[in-house]
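So, here's a batch of structures to check.
Next come two complexes, and both contain subunit A; in the first it sits with subunit B, in the second with subunit C.
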Partner chain A sequence: MKGPVFTGLILLVLVGLSLSIGVASVTSGDLSVSLLMWVSRVPRTCAALLAGAGLALAGVVVQQAVQNRFVEPGLTGTSEAAMLGLLGITLLAPGAAVGWKMTVAACAAMVGTGGFLWLARHVPRSDPMLLPLVGLIYAGILGAALMWVAWMTDLMQYVGIWRLGEFSGIVQGRYELLWIIAGLGILLYVLADRFTLLGLGEDQARSLGLDYGQTRTLGLVMVAAITAVVVVTVGAFPFVGLVVPNIVSRWRGDNLRANLPLIAAGGAGLVLAADILGRLIVFPYEIPAATIFAVFGSAVFLWLLFAAPERRRG
Partner chain B sequence: MAEIAIPTRRLPVLPLLAGVLLVGVVLFLGWNLSGPVAYILHLRVVKLAALVLVGAAIGMATVLFQTLTGSRLLTPGIVGFDALFVFLQTLLVVALGGLGYTTLPPMAKFLTETGILIAAALMLFGLLLKNGARDMTRMILAGVILGVLLRGLAELGQRTLDPSAFAVVQQAVFASFTSIPKDQLAIAAAVLAIAAGLAVRLASRMDVAALGEQTARSLGLNYRRTALQALALVAAMTAVSTALVGPITFLGLLAASLAHQVAGTHRHAVVLPAAGLIGAAILVYGQFVFERLLAMQSSLALLVEFAGGLLFLALVLRRQR
Partner chain C sequence: MFANSMAGLALGVTLIGAAALADDITVDTAQGQVTIPQSPSPLAVFDLSAVDTLTALGVTVDGMPSPSYLDYLAPVAETAEPVGTLFEPDFEALARMAPGLIIVGARSAAQIEPLSQLAPTIDMSIWGDDQIGQVHARLAAYGEIFGHEAEASALANALDDKIAQAAAAADGKGNGLILLTNGGKMSAYGADSRFGWIHHALNLPEAQPGLSSETHGQGVSFEFLAEVDPDWLLVIDRGAAIGQAGEAAQATLDNKLVAGTKAARNGHIVYLDAGRIYVAGGGVQSMMGTLDELIAAFSDTDS
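Showing the complex of A and B:
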């Protein structure tokens, strides 16, 4: 049980750091400490933890659904589709409630991910590197369409905010949607066995008694919902869903149910760490956590590509 | 170009493409020409020259690159070259400061940039080719992710800049055909013309190299030397055109694929010039339609990315059947 305890300790240290770092001092200053904590620091920390956990879990689900370790919601067009949906609702009904915006974004994300799953069926499994490449280009096309619409309607700045996840705008009352992720995470834990079977492929999963189509659709809905919530509240976050599950399965093996809490904790910890780093590098200004994570995540991805070729057929 | 032997009973591809490009050139120069004719013509000729040069260079470089790597899916831009350009620009601004960067003599800046880009491109492509010969898809993916990494680093560097220096970087890294200095254009034209000539001279050896390293060697080709020469040409052509206008990732893919489609032969003596002509034509017609007919300046690059991305997916899916 050393691993989980260790992970928990690191997470605690990160939370402590996140709560104490900021322009306003915790120990002295004009602001009341409890106000500062409950309005700004605690919501920000919670948002980073929830978004990180959700994205890491979404990554696992996508990887099980297409049986490829090198994909994640950022490489399947899910984030871009969610942004397209968000842009659409912003243009058609600018005053819509945030719940509606999220619903539309989630539906669009579902359609986008569905498109990727369709592509995935037509890409042969013989070469595991081909699928993430196709996903990248697919996401790039959706991204170009997004930029085109944004450019035509003068909404480039809006889109720029969604494209780069960051937590500086998070205060009490602006992140609570993210708690949906906690619910989805528990649901995923309950259904972990089904998703383990999903990862065996359609034929094997069916012969073991799994309703393949239903489980796959459920996974699709969960991934779309998580991605949409994260995009609506904090913006897109690439590579979290790719890096964390891969590291955890290298470290602990492939027992999905046992790994899920670790994956959630790992995602939460890494995103929070990226946020803390982003707050410190150019203090008192900030660098978006997603920028920090893109550097870290792509470096880890390169390492995964070359370090252990024997596992690449995962 | 007339003396190139063309298989019988086929349309003469090269003259046809040259004609298409010529129509585009005339349209680009002559459309709605009124007012101070000489002045407007002058501006249009400079812009046109940039479009033709960059399109031709990227098209030809991509064909060479695809032959070297043995994959029709690749372009120098896709394996991280564009990101390398953005990264280097950011590095320069971070090192010199916004003011230092803008007050550099433009000519010196252009030459240094081109030099650094050529060196960096040789390193990047050499590394990828050496490691990737066995596993092409992994090499592409590694190149793409390397691009993401470089872009991330560039972004990180840009975030630490003050707003005016940030604006300088933004200007430098977006593909733009407006306000290109004439003396840089002249140098670029000279370099690209020499490179294009060398590429056409290399054509017959590239035909042999396309058979794969083993076969090419057994046919008596000095493969290493040919590959190195071709690589140097690719690096020079992409570096010069990128330093001139900025990155256009998918243009090369469009031009090379179309060239292979219409050429009807694998001979580089036809495919190379065809790709050059098509690349130039795409940019000239694209710019004409967007700037003159639709009055939308900066969206050509976006459209090329969109169409190129679709083509890439189609190529991947078709290859499996």
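Showing the complex of A and C:
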């Protein structure tokens, strides 16, 4: 049990850092410490942890559903579809409550992911890199549609905010929807064995008694919901869902039930670390956490592609 | 015979050239001195601050971008031909129009090369350092190009008066921070930025010196606002600037961290008319309007 203890310790250190780093001074300022903590620091830390954990878990579910390690919600059109939905509701009903915006975004994300799953059925399995490429192109097409609508309606910078996830706007009352992720995470843990079977492929999963279609749909709904919540509250984070599950499975193998807590903790820790760095590099200003993560994530992605290809699954 | 007629033709061409030169004038633009014909017509303008200033001078704008976003420019937009957007000219509409002069600004400056092939094109961007000086320079240039020198100097004097009035109103009232909100996110702008002329015009000390002059400001958090604790918070709502109802600036700033700042406690959060300053910043009418808002805000206090 060394791994989980180690991960837990790192996570604790990061949380401590996150709570102690901020523009306002905890010790000398005029602000009361409890106000600062409860209004700003704790919400921000929780938001980073929840978003990171959620995206990593969404990544693992997508990977099981299409039996390919190199996909994640950012490579399946899910984020772009969520943003299209969000843009649609922003244009049609600008004053809509956040709950409605999220619902619309989640529905759009579901349709978008559904489209990817449909495509995935028709992609030959001979080369595992083919599916991520198809996903990349599919996400690119949805992204282009998004940009076109945003361009026509002068919302480019507004959409830019969703494309680049960050936590500077997070205060008490602005992030609570992310707790939905905690609920979905627990549900995922309860159903972990089902998703493990899903990863074996349709024929094997069916022969082992799994209701394949139902489990797959459930996974799709969870991924769409997580992605929508994250996009609506903090914006998109590319690579989290790709990098974290891969690192964990390299390290610990493929026991999903044992790995899920580690995957959640890994995503939470990495996103929180990216946010801490983004706060420190240009202190007292900020660099979006997604920018930091994209630099790190693309490096790890290249490593995954080139360094150890022997453990890929077709 | 043939040689004679060629000589005559050459002479004629030289004379036409000389006649054209006599009408040409040299004006200062954002890209140095440029020689253009005087009183060109029709006139296409790809910059709303230029449309703003030209209209104030009484010059007719024949083509301008659509949408124009600004209510006070709506009458101009009604009569002018739409010739594309702020960023992308509609070359076909322009070709039909055959303008005598095209004016580009900050957002359209990148298009100066292709536009130059259609008609003389000048870049009248107002950007970077000494924006008030640039406004004066553009005003003088427009006056010269269109023969409205008297109106130009009258406007320049009016602008100077307004700046003096604003500086008097803000004198001794503390420091300020310019904040742009976009959805739920915020960025801060310093004295070197595109909105920095406010600091210069009002002699308003920066609450946080050293903000970089990046186009999109510096991303900041609510904690930053609480720690910097400005006396005055000048807020520009980007969403409202382009007529988009979304999360309004007031909603974004409605939290306990902002409520604790001096600006909030003293009622010194000034929500500027965002369209004016964001879309047509540097236009004479826009600038005077913003100064009026600032004069009103800073005078309406006895602190």
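We adopt the following convention: the second predicted complex is superposed on the first by the 313 of 314 C-alpha atoms of A that agree within 3 Å, B and C clash if a C-alpha of one lies under 4 Å from a C-alpha of the other, contacts with A are read in each partner's own complex, and residues count from 1 in each chain.
We take it that a residue touches a chain if its C-beta (ideal position, glycine included) is under 8 Å from a C-beta of that chain, and two chains touch if they have at least 3 such contacts.
Given the structure is predicted, the values throughout are model-derived calculations rather than measurements.
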item	value
First, second, both or neither for A:173, with subunit B first and subunit C second	second
Touched partner set for A:95, first subunit B, second subunit C, both or neither	second
Partner chain(s) touched by A:35 [first = subunit B, second = subunit C, both, neither]	second
Subunit B versus subunit C as contact partner of A:134, first or second or both or neither	first
Partner chain(s) touched by A:8 [first = subunit B, second = subunit C, both, neither]	neither
Subunit B versus subunit C as contact partner of A:287, first or second or both or neither	both
Touching partner for A:24 - first (subunit B), second (subunit C), both, neither	second
A:115 touches, of subunit B and subunit C: first, second, both or neither?	neither
Partner chain in contact with A:157 - subunit B first, subunit C second, else both or neither	second
Common interface positions of subunit A, toward subunit B and toward subunit C	282, 287-288
Contacting residues of subunit A [partner subunit C, same complex]	22-25, 29-31, 35-36, 39-40, 90, 94-95, 154-155, 157-158, 161, 166, 168-169, 171-174, 279, 282, 284-288
Subunit B residues touching subunit A - in the complex, by the definition given at the top	131, 135, 137-138, 140-142, 144-146, 148-149, 151-153, 155-156, 159-160, 298-299, 302-303, 305-306, 309-310, 312-313, 316-317, 320
Of all residues in subunit A, those that touch subunit B in their complex	70, 119, 122-124, 127, 129-130, 132-134, 136-138, 140-141, 144-145, 147-148, 151, 238, 281-282, 287-288, 291-292, 294-295, 298-299, 301-302, 305-306, 312
Subunit C to subunit A touching residues, read off their complex	67, 182-186, 188, 208, 216, 218-224, 226-229, 238-239, 242, 244-246, 252, 255-257, 260
